[in-house]
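Read through the structures below before going on.
Each of the two complexes below includes chain A, the first together with chain B, the second together with chain C.
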Partner chain A sequence: MADDLMLMLLADARLPVAGHTQSGQLEAAVRSGLTAAQVSVLMRSRLGSVARVEAGTAVVALHRLRAGLPLAPVVDAWAARTPAAPMRETSHTLARALLRLVRRLFPDSPHVADAAGVEGVCRPIVLAAAAAAGGISPASLGRLVAYDDLQTVASAALKLLPLDPLDATSWVHDLLPAADRLATEVAALTSPDEIPAPSAPQLDLWALAHAATTRRLFSA
Partner chain B sequence: MLEDVSKDRGLRIGVCGPVGTGKSSLIALLCRELAADLEIGVVTNDIYTDEDARFLRSAGVLDPARIRAVETGACPHTAIRDDVTANLIAVEELEDEFAPLDVVLVESGGDNLTATFSPALVDTQIFLIDVAGGGDVARKGGPGIERADLLVVNKTDLAPYVGVDPVAMVSDAGSVREGRPVIALSRTDPGSVAELVEWVRSELALHRGGGLVPADPGPMAPHFHADGTSHSHDHDADHQHV
Partner chain C sequence: MTTMPTTSTSEVATGALTRVRVGAVSSGRVRVETEMEGPATAPALRPMLLASDATSARVSLVPDGAMLLAGDRVAVEVEVGEGACLTLVEPAGTVAYDMDGGQACWSVAITLAAGATLLWAGEPFVVSAGADVIRSTAVTLGAGARLALRETLVLGRHGERPGRTSTSWSALDHEGRPLLVESLDLDEASLVPGILGDHRVLGAVTTFGLDLPPDLCRQGRLDLERGGTLWRHLAAEAHELPGEPWTVSSASSRSGGSRSRR
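Our next item is the complex of A and B:
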């Protein structure tokens, strides 16, 4: 089977994996003054930072799952590149959410069992297990991570800002080439050391600030 | 396929209903009445997360660590129905951390009359309406009013002030519920509180005995016709909705 059907399934916003609880730091950004016109800038900067780390982590984890290598160094590399504790905690929760689904879809997959057994498992590791079990290529996995990140912010934007939904989808569309470039960049990575290590201190600060607020619509 | 209801874990009770009908107050009431002899946890979803959790903590009826607030991304209906993941994780964390819990109460964010819990999240559910929402609410029906395991008509003490006859309201509710229980509740009426507590205890006993099977109240509302008659569907029947 071509891997695009599996990709569509995993990229679908209707997937029951708590995706609706996430805004990709947009809620905190809006609180600190980000406007509707700037949302696509935030989306682009995530592609250059947190989404890049997540995609690189997922691709390296996929390689190691298929090669039978341990995943703990990948988790460590991801954690070292994710300095904001609330972002790490959110990723742990989303990993658990995704594991519920992936276990159901691939109950006999050794890759899923490997991912589930890793201490401090994060979301990209579980996505990698889904990719390993579902026959998804590294480049496709990178595109999935990048695309999902774009749609997460775009759909949260509709809840947070006065927007025409057609605009939000246009921003995703216009950033697809950038998502594709990101996937191509990380597709061949095999070692945890090679996972990109960009920094985006403003996103980290927003995540930290958001975790300390009440009356949140979205998690930190 | 739903996961098997394990009688070895606690009973998960959902509380839902429109905004302002008294979900948080009902949960605070249950905690106050039951906390002496039952181990309880609470998961709350408010569209403004944490508001309800703060209310419950300030009510001082439960250790604040046993109250979890879950963000729903402004989708209260989604979080209890089509993607229950975030709530399930919070329930499981509470159950792990404070094992063994007898009861976990899950409070939905206030939504409209159509929102009910997925049986994948709760074992039994209470739907709340109140007299202040208008005497005709029960007649409007909907899955929660008609088929939740328990319907509570709340704030009956306010009835004289809002021009509603609570007896008629309960009677309306009873007529659309085909024998399912209805409680007219006022926190100032000890008899009604006792009735509510007794319902919870009997559901818990049923759950422990392995006899409680989650029933899904939703999602279809019955059809109302211009001549004033209504009917609900037998969902085994072959039919199409338009």
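Our next item is the complex of A and C:
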């Protein structure tokens, strides 16, 4: 089977993996004054930072799963590149939700079992396990991470700001080439040390601020 | 990015290497070695011993020559021996000037032995319009080592457009496991939502090995996964950065240092 059907399944917003609870720091950004016109800029900022770390982590984890190498160094590398505790916690929560699904889809996959057994498992590692079990290439996995990140913010924007849904989708569309470049850049990575570590100081601060507030629509 | 220290002897040919070594605590006054390598004309940070006693030393890094200009390569290597405590001070901030298409490097390698402490309140590093600086900081921490490091990046002098700087940061523990790995490529395009917003000043206080109460100084406090805390603040002007994170972490480093001496 071609890997694009599996990719469509994993990229589907209707997947029961709690994606709708996430705004990718957009809610905190809007609270601090971000306007509708700036949402696509935020999406681009994420592609250059957190989505890059996540895609790199996923691709390296995929390589190590297929090569039978331990995943703990990948978790270490990801955590060292994710200084905001609320972002790490969000990733752990999403990893657990995704793991439930992936275990059901691939009950006999040793890769899924490997990912499930990792202490401090984060979302990109479970995505890597799904990719390993589902026959998805590293470049496709990178595109999946980047695309999902774009759609997460775009769909959250529709709940937070008065927007035309066609605008939100066109922002995603316009950033597809950037998502593709990101995936190409990380596709060949194999070592945890090589995972890109681009920081996004304001995203980190928004994640902190959002975790400290009780009045919110999205969990992160 | 790589997690290897970027300082190598080949860089000495075109710039200056500043070395500060504090020996392990034994009997008598702590041993402090300071040296500079490189051509006399190259700009450098001249280490000047201000004070020392049985367990600690205080060294000032004094800029020698005009800096930072195109082609400058400033490297600083700091080693602190077992149980010893080093405080580094800078008499003034650093300004990287318009490099007219050129580039400069500023690299710092810190190696802390078991139970060693380094306290370094870095002064603002200003990246003027047209400046292009590669900055790297690589830290290796021995078991129980303590670090408190303050860094302030300012994009552009007052009322000026930002220059460009590529920064990389890595801290590894005594087993070689990463504690913090970060890179930031900053220029005018970084003044966007999510990266710097509309702030041209990025302040950081990075600490490792300090036992800080969890509720202390919550604003901008990023508690790292495997120990250590990074306080980060964005501001329009350097003087707007809050002083508390540094006050708290430097005080904790000192008290931690005295604990280890007993």
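Throughout what follows, the second predicted complex is superposed on the first by the 220 of 220 C-alpha atoms of A that agree within 3 Å, B and C clash if a C-alpha of one lies under 4 Å from a C-alpha of the other, contacts with A are read in each partner's own complex, and residues count from 1 in each chain.
Keep in mind that, in the parts below, contacts are C-beta pairs under 8 Å (C-beta built on N, C-alpha and C of every residue); 3 or more make two chains touch, one makes a residue touch a chain.
This is a predicted model, so every value here is computed, not measured.
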Original post:
Just from the overlay, do chain B and chain C fit on chain A, or is there a clash?
Top reply: fit
**OP:** Could you say whether A:L205 touches chain B, chain C, both of them, or neither, answering first, second, both or neither?
**Re:** second
Original post:
Touching A:A197 in the superposition: chain B (first), chain C (second), both, neither?
Top reply: second
**OP:** May I ask you to decide whether A:T57 touches chain B, chain C, both, or neither, giving the answer as first, second, both or neither?
**Re:** neither
Original post:
After superposition on the shared chain, which partner residues are touched by A:T21: those of chain B (first), chain C (second), both, or neither?
Top reply: first
Original post:
Which partner does A:T90 contact after superposing on A: first (chain B), second (chain C), both, neither?
Top reply: neither
Original post:
Counting only touches as set out at the top, which of chain B and chain C does A:S109 meet: first, second, both, neither?
Top reply: neither
Subject >> Touched chain A residues, chain B compared with chain C >> reply: C
**OP:** With both structures superposed on the shared chain, find the angle between the C-alpha centres of chain B and chain C as seen from the C-alpha centre of chain A, to the nearest 10 degrees.
**Re:** 120
Original post:
First (chain B), second (chain C), both or neither: which does A:R100 touch?
Top reply: first
**OP:** State whether A:L217 touches chain B only (first), chain C only (second), both chains, or neither.
**Re:** first
Original post:
Could you state the shortest Cα distance, in Å, between chain B and chain C after the structures are superposed?
Top reply: 19
Original post:
Where on chain A do the contacts with chain B and the contacts with chain C coincide?
Top reply: none
Original post:
Considering the complex alone, what residue numbers of chain A touch chain C?
Top reply: 25, 29, 34, 38, 41-42, 44-46, 48-49, 73, 76-77, 79-85, 88, 120, 193, 196-206, 208, 212
Subject >> chain C to chain A touching residues, read off their complex >> reply: 1-3, 168, 171, 177-185, 192-197, 199, 202, 218, 220-226, 230, 232, 234
Subject >> Touching residues (chain side chain A, partner chain B) in the complex >> reply: 14-23, 93, 96-97, 100-101, 156, 159, 214-219
Original post:
Within the complex, which stretch of chain B touches chain A?
Top reply: 47-51, 54, 70-75, 78-79, 82-86, 88-89
